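Chain lettering (A, B, C and D) follows the sequence in which the chains are written, and residue indices restart at 1 in each chain.
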Amino acid sequence: MNEPLPTVLLTGFEPFGRDALNPSWDAVRRLEDEVIAGHRIVATCLPVEFGRSLAVLRTHVERLRPALVLAVGLAGGRAAISLERVAINVDDARIPDNAGRQPVDEPVDPAGPAACFARLPLKAMLAALREAGIPAEVSQTAGTFVCNHVFYGLMRLLEGSGARGGFIHVPYCPSQAAYHPGAPSMAPETVMEALRIAVRVALTVEHDLRLTAGAEH
Amino acid sequence: MNEPLPTVLLTGFEPFGRDALNPSWDAVRRLEDEVIAGHRIVATCLPVEFGRSLAVLRTHVERLRPALVLAVGLAGGRAAISLERVAINVDDARIPDNAGRQPVDEPVDPAGPAACFARLPLKAMLAALREAGIPAEVSQTAGTFVCNHVFYGLMRLLEGSGARGGFIHVPYCPSQAAYHPGAPSMAPETVMEALRIAVRVALTVEHDLRLTAGAEH
Amino acid sequence: MNEPLPTVLLTGFEPFGRDALNPSWDAVRRLEDEVIAGHRIVATCLPVEFGRSLAVLRTHVERLRPALVLAVGLAGGRAAISLERVAINVDDARIPDNAGRQPVDEPVDPAGPAACFARLPLKAMLAALREAGIPAEVSQTAGTFVCNHVFYGLMRLLEGSGARGGFIHVPYCPSQAAYHPGAPSMAPETVMEALRIAVRVALTVEHDLRLTAGAEH
Amino acid sequence: MNEPLPTVLLTGFEPFGRDALNPSWDAVRRLEDEVIAGHRIVATCLPVEFGRSLAVLRTHVERLRPALVLAVGLAGGRAAISLERVAINVDDARIPDNAGRQPVDEPVDPAGPAACFARLPLKAMLAALREAGIPAEVSQTAGTFVCNHVFYGLMRLLEGSGARGGFIHVPYCPSQAAYHPGAPSMAPETVMEALRIAVRVALTVEHDLRLTAGAEH
């Protein structure tokens, strides 16, 4: 009898704001059950809600004990796959979440540190994406809305485990950008391929590259 | 014996500047011989050279007598398919063309008017592209480099004929944008689909829509 | 008894859209009666209305017979003083004008050419502004709203006269940008100094510089 | 005999990269010896060098024991006064510093936490700036270059003291933007007024406003 494969948990988000779809979930759900570097992908959709998003994430992480968790979210207006470097311990919502909550300058976790870094070989992921012809960048901020909230909570969840994890922002899909004049977009197929590469590098590269991807400001 | 189909001439450009490819030609050449609304696509690559680009274009237009000519060029940095409204009678090159020429404030055609409008149902094309989920815009300037030069020369060539024609700018493809940090891109398949829609609407819509696509500045 | 000085007509616009002020008129009115290169500045405020703006402009031009007319307008979102190169014969209003009119794809002048060029030494003006430490650019489009409408109408008015004329777009002032997050701005004093330089160069430089200020798209 | 006034330490930076001046120091040095809310301004110029910048800062902080320290730096390309929320424990230099050092993914302080928050009433500062007609924003990242390095080191220095402190990024000045086409700028006088307001609010407002200034990403 076969051992079940170890897993990778990919999460996307449901739609929020005025958009009827969310390309993060569209890409993630289509990767369900793919096998990458000997790991099976499990896909989960998170609500765009402070608090409940993290409760759902915790349930899945505790049940699956995945080797890697990549949370994926929409960054409408960005042009590239954004590999997030750091989550900060702040909720500051410019718009209400999908449950109508709008925290201002509250901590994600009152007992937590000011920030948590991704546990990912970000520079190796960046290099692999660019070599594959996919626009990518390391980002120094995941914002202060539900994406950053989930990212921060995820890194706290993974503390003490050997699991890797982090957060990736993706651009609008073309059909969204068609109604956001001037906004960049990325084809769903490109986003899916980017996530496959991100997962493979995160699972297989132990020591990150020494490659600058900083910002003067 | 069959009548040969009437034709549509699509032109793309060879690479220029520091880029090793040009997504305008990549998309156009892959549409060669497709049949849209009863017309066969003929694809031609133009040199990025003042003067010679127009000489090559003229040869093909005079030989083919196409019902429609769409010239396609790269607008690195734009996020959407740009339907150009107007060509101006100015060459003002910020960088040299591929033959090393760099005209400044010279007319494309000393005997021509200040500008020529596209002969296309631009607003109907815009609406059809957006309905198909493709980011698109009407642009009020095609610049002052070889793209505008070809657009202006094309509209002069078509004067007095019944043919329609105009110019479409396309974004970087993803593999280019991977080396232009922050720049938007569009998948080649999306660009090809956009050109198919543009050709079909240009061939079949007689009276344009009354749909605003203006700019305050 | 002294001869009256020859004049320069500067026009600004009243506020439009959701803004309570218009930095174009704020700068222009403060230059009233200054003398530059032997010419006295006359300042006029134009309504943001298709048609009536041009009627008001015509009255002043016919009465004053100025040596130079610079129309100045707001380009919210631009970062630099924009020296407009070309006015096109199109009204295409994305938003209603201040009288509620919203023309779409109508000509400014049904009897006019597709476009009119500024009659200004644009490149010499650009060089002088930059040397004075003022961000400046040559722009290839003045849009399709009332600014372009006035610019086009102005160039038609000046045909056959020896007068020079053109259009300059200015950024938001800082107090506007404070409520347009992310938008660039320019201090009123900098705008005033830019207009003084523009007037002086327009009055005194006969042959323009050969200086590229083009755009690839 | 009079008590000496308590002090506020303002720091700016020397020029870096290809720019011949740095508007952060230009503004800060002109505020030297002004008195705001009963505190005298002391101005210091920091080198754009990892390590040495912090050594210089430490010397001044230990000598002066200021009630408030605001470090000010240039963010070329931003349009508004940026009130930085958080410093991260990472040096990742895209370009070399002025001593030729280019650390990649090194901690500012190997013994420090992942991040430190500004100790400033950021939202009250934001509101006061906007009310004064000055474009301003709360920023979620100070980058990964010397500005973030100084910000992080400053917050570590102030730990355990009652002093407030933080970091403010300012745009290019106009004469710089004249040679960075398309880049926003801010007049030196506006930057000086912004810093006066920032100092006054930081010294006098005990409890910050509940005002959202977050970002979705």
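In this text, contacts are C-beta pairs under 8 Å (C-beta built on N, C-alpha and C of every residue); 3 or more make two chains touch, one makes a residue touch a chain.
Values in this document were obtained by computation on a predicted structure and should not be read as measured data.
The chain pair B-C and the chain pair A-B differ in C-beta contact count, and the higher one is B-C. Mean C-alpha position of subunit B lies 47 Å from that of subunit D.
Per-chain CA centroids place subunit B at a distance of 31 Å from subunit C.
Distance from the subunit A centre to the subunit B centre is 38 Å, each centre being the mean of its Cα atoms.
Looking at subunit C, no residue sits in touch with two or more other chains.
Viewed as a contact network, the protein chains form a single closed ring in which every chain touches exactly two others. Subunit A makes touch with subunit D in their complex at residues 17, 73-78, 82, 85-86, 88, 90-95, 102, 104-105, 113-117, 123, 140-145, 147, 169, 208, 210-217.
Residues 79-80, 129-130, 133-137, 174-175, 177-179, 181-187, 189-190 of subunit D are the ones that touch subunit C when the two sit in their complex.
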